[in-house]
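Both complexes shown next keep chain A, but they swap its partner, so chain B is in the first and chain C is in the second.
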Partner chain A sequence: MVKRKRLSSLKDRFFSGRALSWAVIVTLVLVFLPLYRLDPNRVVLGPPVYFAQVLSVSPMLWLVVLLGVIVTFFLRGAFQEFFLLLVALSLWCFPTLTWPQAGQLSQELRVSPDVAFWLVQVLAISRVLVRKKASRRLVVTLRIVVLGVSLATLLGGGCAALSVIKEANSAQVFERLGQHLSLTVGAMVGALIVGVPLGAAAARSRWGKLLFQSVSLLQTIPSIALFGLLMVLLAGLTRSFPSLQSWGVRGIGATPVEVALTLWAILPLASAVQAGLRMVPSDVIRAAQGLGFTPSEVFWKVELPLAMPSALAGFRVAVVQTMGNATLAPLIGGGGLGWFLFQGIGQTSPDMVVLGVLLVLIVTGVADQLLKLLINAQQRRLRNVAFEV
Partner chain B sequence: MRKVVHNVPLFLALGLTLALPCATLTSCQASGPNKSIIVGSKMDTEGGLLGQMIRLVLIHHGYQVVDRIQLGGTALVRKAILEGQIDIYPEYTGNGAYFFHQANQPVWKNAHQAWQRVHDLDLAQNHLVWLPPAPADNTWAIAITDQLAQTAHLKTLSDLADYINKGGSIKLAGSDEFVNSPAALPSFEAAYGFHLSPQQVLTLSGGNTATTEKACAQGTNGVNAAMAYGTDGQLAAFHLVVLADDKNVQPVYQPAPLVRQAVLLAHPDLAGDLEPVFALLDEKTLQTLNAKIVVEGQDSSTVARQWLSEKGFLP
Partner chain C sequence: MSLLKFDDVSVFYQGIPAVQNLSFTLQEGELSVLVGPSGCGKSTTIRLVNRLLTPTTGKIFYQNQPLSQFVPETLRRSMGYSIQGVGLFPHWTVAQNIAAVPQLLKWPSSRLQPRVDEVLELVGLEASRFRRKLPAELSGGEAQRVGIARALAADPPLLLMDEPFGAVDALQRARLQKVLLSLQQHVKKTILLVTHDLDEAVLLADRLLVLQQGRLVQHASPAEVLRNPATPFVQEFLGADRALKYLMRFRALEVMEPYQVSGEISTQEQVSYDSNLREVFSLMVALGKETLLVVQDQRVVGKVHKTTIENLAAQDSAR
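Here is the complex of A and B:
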């Protein structure tokens, strides 16, 4: 009896069904699906490369990956997650050692990621996401280690041979990233200035509601039509007031994009503010009035703080939406990360498109998580204040 | 009273939106309009290349240049120069047929007459000047695989018509516009006397030449012919050849710098600075330079700078 119990705990420890399935899936993917493609140049597709083939090209190196996968069979929890992430990461940087010539910019040869590559990435990330609570110190430490190692290899040129990274001329990436962020920030400032008062107005007056509805109509104008319209409007404006030009106001470039993004961001923001204010219980307002609060005090000290969670959630949605919409900026010369998408489509370079998509995903994801942290912190503070009162 | 206070946010919004532009107006009345030349271009590869060439040559000759290259699609760039938002950009002579709604006139099929016509019309109606064009024709064409060209001895569209009429197997990939617009495939069919059944055409709606050529090179769905542009850079990499339009069915699309008259009057040397550069840009040159961008993944400004210094336009 005792012996069986120990056995089962051993089995539990080493071959837990759920942990095992991750390892099995990763192994199957690596063995049966093509890992890379060796393209002769940027537009022509080359032959697929399987894991068995890379193993024969440089056995010592890829045995490490194989070992990493085997190790995941015997691990569970935080360490399995850690090893899966390491295997996924090694797929990014090992081509640089296997085909060093592909890393040189003058070389036309390209190592493109294929199905197995992306599936392993997806599996590793899913493994991270299925964990419900990431509060354990071990988990957090291991994740920080992986993040640090990935950033170091990326910046140190460790992934240079991979076609997607080869598309990323670093000066270009930072320039476009800067443009993307500045477009988003500019649009969000505009949306806050107009959207918050508009949402507040819509919650209480009929005129505000009417204005709100007309703004939501703006949402239906197709982007290219809106850009064309804005260019003519802004060009006319700068012709009548030439001094606007020295402020950077132009019919093409960042200005029309920021205006369009602002118009698109107003709706989610204003409707969240409106919903937040509507949800404030009328008892609370009456109680505040009974305490002798002036109408403006009722708004600033009672209604606004209570509407804050809804408003902040709307702000988060608006930011994420704006970052996505900002990819349309190249249509009117506004730059941003969308530039990689449009150029990639025009040049039949899927790698360039993938690079653009990855960058947009990463930037949006980071912004979303940061806002989530901020909102949580704000709400915690609000709750603490409430307790103190 | 209560009503007014509750409308405070609304007034705030209106006030701020009105106040911002006013503040900017009063604070910088002193500085005048910009004197530099704004170079624009379309978003495609060749647009970027030619735009960079104009920009680099102008900078070399001492002009102040603002870079608005790869601004947007044809309609938007055209609107931008009409609104004075850009000063100069490379445009194709054949597009005059669409700008001035004269698509069915034969004048667009002759290189010099097409340039003359669009030059005269734009100068008179829009105060835009067409500078001398490059001797390259970036028109719609049909490209086939190297292999098919050799085995069936196809060099021209007349050859292709014979081949199709004798029952040769063909499947053509084209965009929606190429397949349906009367100026494209239907005009080829009428002039050369062949007909492609719906089974012989693969329509990639919204497709550009890059996607159709890729489909052809990879033989997707049995495709062995593709819509192409004469100066596409990826043709050689895909092992495709363009069939000659031996009956001159298509309008001629020669790239030329299009500049606002006011800017040209202020800088009269500009035309002479650009003319020798464009004179050297023939079809082969543009194909090679476009290929460096598309196939090798080089930056358009690097490719332009390299070629300009090779030809002695830049030090």
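Here is the complex of A and C:
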């Protein structure tokens, strides 16, 4: 009786069902699926390499990884998350630490991430995302530690031997990143200028609603078709009005991309503004009118602040969507992070494609989280006090 | 001086009359109640006053000037306005809500807080407790009080109240009516109040305006209306118990005979000094008593006889 009780408390402590399943899945993935590929060169795919095989290349280092995995069996919560992230991170830098020393890597031979590698990354990130309350200080601290270590490893060349990283020329990455961000910012400014008044108009007048519906039709035009259309349209415009060229208006390049991205971003933004304004209780508006607010005071002091939460959520959606859409910009010479994708496809280099995808994912994810923080902060401020009386 | 005057005002919605040939004058310092069944045009009438609606024909005068000469917003800022749904601004604190109109009127900020506290106390809310609350943290009755405080904040000469107690339960409603009456004793505003509840109208009004299908059928004091209904419609609207309704206008204090008593008294046989005579009378019937003791501050101050009340009601309907 006593023994069973002790056993169960031991079980509770170390083997909580959910925490255990994370560790089991990660272990199974690492053991049974190929971890890397040894490609003979940039284009040709090579044979898979399993965990057992890399263990023999540099036993000491890989034992550390194994130990990390084993540790995750006995942890739960914040610390399990931490160790899973470390294991995922270690997969990035261990090729650099092992193969060159072992002298097995010729100039051409490349270590590419394979299925198990990516699955472990996905699992670790999922482990982060499933946590509902991320406000505990411990969780935040551990995540910051992981983030710092990752950045340090990356910038310190710790991942240099991995094929995907080899594709990343840092000057190139920053240039494309800059283009990507400027495309997004430009499109969002345009979308704000058009979308917010459009949403407001749609919420209050029949004409606005009609206009809104016709704009939402734009959303149904496939992206490539819209690019093509804009190319023809803008090229025609510059032929008729050559002076436009000095403003940077051209059929190819950033201009048509900006226009297309703006057009796509208008709808989510405008519909969020419209929905927010619709949700403002009608008796609040009637009271404001009856107390002597002018129509513009009703809008700026009452309707807009009350529509803000919905509008900001729509803005966040629009930003994320625009960052994704901006990936298509290289199709008409617009640059941005999509450049890696299309170059990779052109050169049949899977690593370069993967690099492009990774960069887009990271940038979009970071932007999304930053906006979430900003919106939460704004809401808290609004709730505290708008102004003192 | 007449503060507000309607001169043969009619409003048509797509050819259908909402109010017709409305003429009346509001006397300053009086609480006038627009009363009538739903659809009689009472809400239309009050919306005409602050120019949320414009008359199709006829003229309205405010402070002896045609209403159309005022800028609508300026006009509205000079009239308090309280509505059924309250419509407090959910993103502003109670204090900010109350200070809304004074801020539109560009009052110096040093005057805002004292004024907010003053009107909060007027409607019976403790300023220090309620100032910083958000509307979502208020009960229905408290929200209504804040709504009234907001209407009073800029000290307007005229107060418009459109079914101000329509959205609260009977108990809260009775409390709010008392708040309004005691408040009116202090501020002596000209108030135009709309209600479909006849009891409320009789209880609150200095003057009743009874509307029927967009027409003003009687404009008189509650006593006069109850005594001499102008038309069969008014008589029917008042109901068979109009003699009892008349009793609501009096308080126990006003008809009691002074009386002192020492020692224990049964709690059942006493009424509060500010109970109205209809309440007192129904308690007498329920208890089968001929007299009840009147209590103020937990002290017996007098007693009321059933015959006094009966005489009052009978004498009045006989007249």
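Here is the rule we go by: the second predicted complex is superposed on the first by the 362 of 389 C-alpha atoms of A that agree within 3 Å, B and C clash if a C-alpha of one lies under 4 Å from a C-alpha of the other, contacts with A are read in each partner's own complex, and residues count from 1 in each chain.
In this text, contacts are C-beta pairs under 8 Å (C-beta built on N, C-alpha and C of every residue); 3 or more make two chains touch, one makes a residue touch a chain.
Predicted model only: the values in this text are computed from it and were never measured.
Considered on the superposed chain A, chain B and chain C are sterically compatible, since they fit side by side. Applying the stated contact rule after C-alpha superposition, one finds that A:A288 touches chain C and leaves chain B untouched.
In the superposition on chain A, A:L142 makes contact with neither chain B nor chain C. In the superposition on chain A, contact of A:E297 is made with chain C only, not with chain B. Once the two complexes are overlaid on the shared chain, A:L84 sits clear of chain B and of chain C alike. In the superposition on chain A, contact is made by A:S349 with chain B only, not with chain C. Legend: residue contacts after superposition of the two complexes on their common chain; A:R239 is shown touching chain B, with no touch to chain C.
By the touch criterion defined above, A:L230 reaches neither chain B nor chain C. Contacts of A:I193 after superposition: chain B is touched, whereas chain C is not reached.
Once both structures are fitted onto chain A, a short way to say it is that chain B and chain C open up an angle of 130° at chain A, using Cα centres and rounding to the nearest 10. When the two complexes are overlaid, the chain among chain B and chain C that reaches more residues of chain A is B. For the overlaid pair of complexes, the smallest distance between C-alpha atoms of chain B and those of chain C rounds to 11 Å. The touching residues of chain C, counted against chain A in their complex, run 50, 52, 72-78, 81, 83-93, 95-96, 98-101, 104, 109, 112-113, 116, 131, 134, 147, 150-151, 160.
Within the complex formed with chain A, the residues of chain B that make contact are 1-3, 5-10, 12-13, 16-17, 21, 24-25, 28-29, 31-34, 40, 43-45, 68, 70-73, 75-76, 79-80, 83-86, 208, 210-211, 213-214, 217-218, 234, 237-238, 293-297, 299. Note for the complex: chain A touches chain C at residues 281, 283-294, 297, 302, 305-306, 382-383, 385-387, 389.
Residue ranges on chain A touching chain B, taken from their complex, read 41-45, 108, 166-167, 169, 172, 193-194, 196-198, 200-201, 204-205, 207-208, 211, 224, 227-228, 231-232, 235-236, 239, 241-247, 249-253, 295-296, 299, 330-333, 342-343, 345-349.
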